[in-house]
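Both of the next two complexes hold chain A, though its partner changes from chain B to chain C.
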Partner chain A sequence: MRKKPNLIGSLPNKKSRPTGWQILLIAFFLFYMLLPIVSTYVFSVATRWDRTILPEGYTLEFYQRAIQTSYFTITLRNSFILSMATVLVSLILIVPTVYWVHTRLVGAKPLLDVLMILPFGIPTVVLALALVQVYNFPPIARSPFLLIGAVVVYSMPFMYRPVSNAVQAINIHTLTEACQSLGANVFQILSKVIIPNIMSGILSGSLLVFSTVFAEYTLTSLLVGARFKTFPLLLVEYTRINGNIAASFSVISFTIAWLASILILWAGSQGQRPSKNVTRS
Partner chain B sequence: MAYLELKNVSKSFSNVTVVQDFNLEIEKGSLVSFLGPSGCGKTTTLRMIAGFEKLDSGTIKLGDREITTVPPNRRDIGMVFQAYALFPNMTVRENIAFGLRMKKAPKQEIEKRVNEVLDMVRLQDTAKRFPHQLSGGQQQRIALARALAVQPCVLLLDEPLSALDAEVRVVLRGEIRRIQSELAITTVYVTHDQEEALSISDKVVVMNKGIIVQVGTPEEIYRAPKTRFVATFIGTANQFYGEVSGKDTVTCKNIKLSVDGLKEFNEGQQVVVLVRPENIQVQSEHHNRRNWNAIPGTIETITFHGAVTRLGVNANGQRVVADITVGNTQPVSLNQTIWLSFPPDGCQVMAVTE
Partner chain C sequence: MVMLKKFFRKISDWSGFFPFLIFCLAFEAVPILVLIRGSLIDRTTHQITLQHFLDLQGRSYINSFINSIKLSGLTAVIGVILGTIIGYAIYTWPSERTRKIFITLLNVTSNFAGAPLAFAFVVVLGMNGVITQFLLQWLNYELYPGFSIYSFYGLVLAYVYFQLPLMVLLILPAFAGIKKEWQESARSLGANSFHFWWRIGIPVLMPSLIAGFTLLFANAFGAYATAYTLLQSQFSLVTLKIGFLIAGEVRGDPGIGMAMAVLSLMIMGISIAAYQVATIRARRWSKS
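Right after this comes the complex of A and B.
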């Protein structure tokens, strides 16, 4: 029998098994990350859980009571409106800006990069109080529009980073020029070529913004309070009334965030096509 | 009659002049190459024709239209880029149809036209594939098909073959020329590869430091370079520096050369004599031929190039390269003493002023 040629570059077929230490480390990490979530889930279905290691019994009663809460639907709706509106405004603001800065105004990119870190540097409470003072006139004062504006600023880095990285990954100048030489105007260039090619960045940005805003508490509470009650406000309110109901609100909130993620990722995989390409520099 | 006309075109980037007073007329249906080293302004000039760069001064006319300030998407000029620039999110068919869709052409016409250009570049079977599933050469053919699909007035090619393998480059440049002649489309081709420029162009525009050095047919450029830059940039040329010492002689150090075309020069004037390596014959002994120059020398290097072998010869301290055809000459060896001979009409004399 002929011997198989020893191919250059082929790796020895060896499965690397994690060592004892690695397993321990991974286990600790998972425990640390999952414990609060799992506990919340269990607490939301526990009848009583303060005298024993495991709950004394299980029930879905708290979910029923949570759903029957008078503000349940309206706060959920408000949170959706706020998150969706923020994602939309962010997209409309960020995508053309990033495109513009990368193609026509390259010198402004460092400035934009710094601007996009600022929301991380300003404490949310400070931002909220400053906005309340500046926009203290009707109809802006205490309105949902002020809130949307504020969370757009607050969540901007989450949209900017992924979109900017995606734009950097494609050869935006040449693609733009190719479109122009084929007779496309700026809207056609953006909609037909640039946006489809940075879809991955747009989707992950939208996902991050959606989940951040859906769980946003400080700005909402300080800027609009009870005038535009969102789900996190209801949740916090119930931590003082009934811990079990608050836990079931948390679980509902988690579930919505996860469903939204799956939905956005699914939508992305539908629209996206294989995109390894030479024009990516 | 000029079809594409550039008049007094200048361009500088932050005080560095990239293109200076560029004047050129390009005839309808011809293929003109811009040739020069990197940074000579050839690509900038092409981009000004395409509309991607604004002119500092001057005008560009296409047919009867002045297009100096027309935006690129309304110039009717097709472009092929070095980086292919196919749209990664679209199939080959969609890529080619893009320009026609922008023009809002009827569906059937798009279908028909896409098939036509796919036939032209001989890649019918790739229509449903995505760009990343094609080789570099195939991608560039599709890019060419995409530019041609809209039937532009002028086709611009910006170093289209630079990113490809040597073999693919030669095949594809032949294809480009074939398609260009078939369609008789006015084409401007930018390259830094002199062989590419000479082999496919009707006219070559040699550029250096932002100015046109010489315009001519490939033969003119090669056989009668106007400056030392052209002579040395296009092909190889031996350079003998010396002074005019008679009505047909130039003395270079201790070598006396008989040359043609000395009428324009005065005795004592500093000149350089240029001799192409292929004009030099290499012999093992001194043969007396009427008027021919004969210089003895020692072989210092032998480089095999396939069809020819290039010898580096030390002739009295002057380095001379000469090409010999394998099989036509006796075998040579290093340090061998040989005679280099070349006729007076194989020499070109230029004044040393540059």
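Right after this comes the complex of A and C.
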């Protein structure tokens, strides 16, 4: 089937300049998007900034104090633990399921798609309320394990889409049959052939889940609260105590998310070419 | 004999799907069902009742729903309009490298939501914020107390911040469905730019615009962290109210909270369903 040319790559005028309107709109867009971020960064290094347009002075004092706050390392550690645990559970839950549905149970794919859209339709507060009502008995009540379950639900779509796209991009049936004809069992097929071929999807999904969970506030504060303080909780706490330190925390969390985004984009671009070679010949 | 074999085969096929199904059951289906059941049962008599839903007619509850719907609707409309215009500006930007930079920027800023975003807006538009100072000193304009970032319109500004990239990323592929040949032939028939967009461009984009609106609406309706950081208890939204109930800060019959949650689910369900329908129709244009 012939593909219509993608307009993004084939504008008729070769090297025309952007119009006045474009420049105006893009300038407004950049201003609106970047000002809050830049202001936060600058605020975190400002001595005093409540009377002037630019800070009165600059200092790294607030970063020092930020790092020295009692819960700093604990919350960072908790956030990392939560994010890594969620990524792990998501991978174990979703990757085999996607593979299974694509090979053994194709009729369930619509069901799987719907189940993966569902988390978008459940507001986090509603999920929190529902979970708190059901799991109000020890040991799971208000425990980090309940939180992990909730956060896996919340982040499922972000793991599912890259993995599903990657699985659909490779010729999974041919690969599976080839492996089976060589006598491999399911685990071997998955670990030695399938997973390496969808690695870019797995990486993208993992990084997406990681950065989403790292910044998650609602479920954490409503389900476990101070029992398992994560970094976003510390940040919100300090917005009411000391704005400059809160800004430092913002910078740290945003920088981590920013790095994860870059890695996601890098991971997404990996493995595009190799998998095509596997099936073309 | 064959039927038995087929039956067992089917069971073994589905058994591979069970772990995931059980997980969804435990953490999604059962809690939601319990929620729905809880909203329909009276605490004391254990009888089915619609009283919790009827109680939602109370002033404060109605207000929270009105506010949430107003907020979500307004930010969705602003997001769709601005997002489409800015999306088009990006789409038709001549340099492809710069376009990619813009798109990267969109992906990166979409991470900046929730509490850090709310706080950033306080830094920018708070009582001593950057823009506030700028308006005061350079243009002699006092932003406060007429405007406050800790108000409805302040919240709108913060919400649009994360609505905008979502819309732009959604509408960009849709522009590929508007063929350049159409614009040329329309021009050769005497139509100017406005005519083209009014009669051809916008109708073709319409499914994507509707998809964008419903997605942005659902996105805003379910948001909690940004509003919580900016407002605390000054302004009532549905998500905030439910949150207070969970945190035990409000003495109230949990049945009402569950009724609110169920109603929210219905509103979200309608939005997501509309989004799915609109997306399927939008895909028709980009496939042709």
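We adopt the following convention: the second predicted complex is superposed on the first by the 243 of 281 C-alpha atoms of A that agree within 3 Å, B and C clash if a C-alpha of one lies under 4 Å from a C-alpha of the other, contacts with A are read in each partner's own complex, and residues count from 1 in each chain.
Quick note on the criterion: a contact is a pair of C-beta atoms (placed from the backbone, for glycine too) under 8 Å apart; a residue touches a chain by one contact, two chains touch by 3 or more.
These numbers come from a predicted model, not from an experiment.
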| item | value |
| --- | --- |
| Contacts of A:Ser261 with chain B and chain C, given as first, second, both or neither | second |
| Partner chain(s) touched by A:Arg104 [first = chain B, second = chain C, both, neither] | second |
| Which superposed partner A:Pro162 touches (first chain B, second chain C, both, neither) | neither |
| First, second, both or neither for A:Val152, with chain B first and chain C second | second |
| Which superposed partner A:Ala130 touches (first chain B, second chain C, both, neither) | second |
| Which superposed partner A:Gly205 touches (first chain B, second chain C, both, neither) | neither |
| Touched partner set for A:Asn185, first chain B, second chain C, both or neither | first |
| Superposed model, chain A: greater residue contact from chain B or chain C | C |
| Touched partner set for A:Asn197, first chain B, second chain C, both or neither | first |
| Chain B and chain C footprints on chain A, overlapping residues | none |
| List of chain A residues in touch with chain B within their complex | 170-171, 174-175, 177-185, 188, 192-193, 196-197, 272-281 |
| Residue ranges of chain A in contact with chain C within the complex | 4, 6-9, 11-13, 15-18, 21-22, 25-26, 28-30, 32-33, 35-37, 39-40, 43, 49-53, 93-94, 96-97, 100-101, 104-105, 108, 112, 115, 117-135, 149-150, 152-153, 211, 215, 217-218, 221-222, 225, 232, 235-236, 239, 243, 246-247, 249-250, 253-254, 257-258, 260-261, 264-265 |
| Interface residues, chain B side, partner chain A - complex | 50-52, 71-75, 77-79, 81, 83-89, 98-99, 102-103, 130-133, 136, 139, 143, 146-147, 150, 156, 163 |
| Complex contact set, residues of chain C against chain A | 13-14, 16-17, 19-20, 23-24, 26-28, 30-32, 34-35, 38, 85-86, 89-94, 96, 99, 102, 104-105, 107-109, 111-124, 128-131, 133-134, 137-138, 161, 164-165, 175-176, 178-180, 218, 221-222, 224-225, 228-229, 239, 242-243, 245-247, 254, 257-258, 261, 264-265, 268-269, 271-272, 276, 288 |
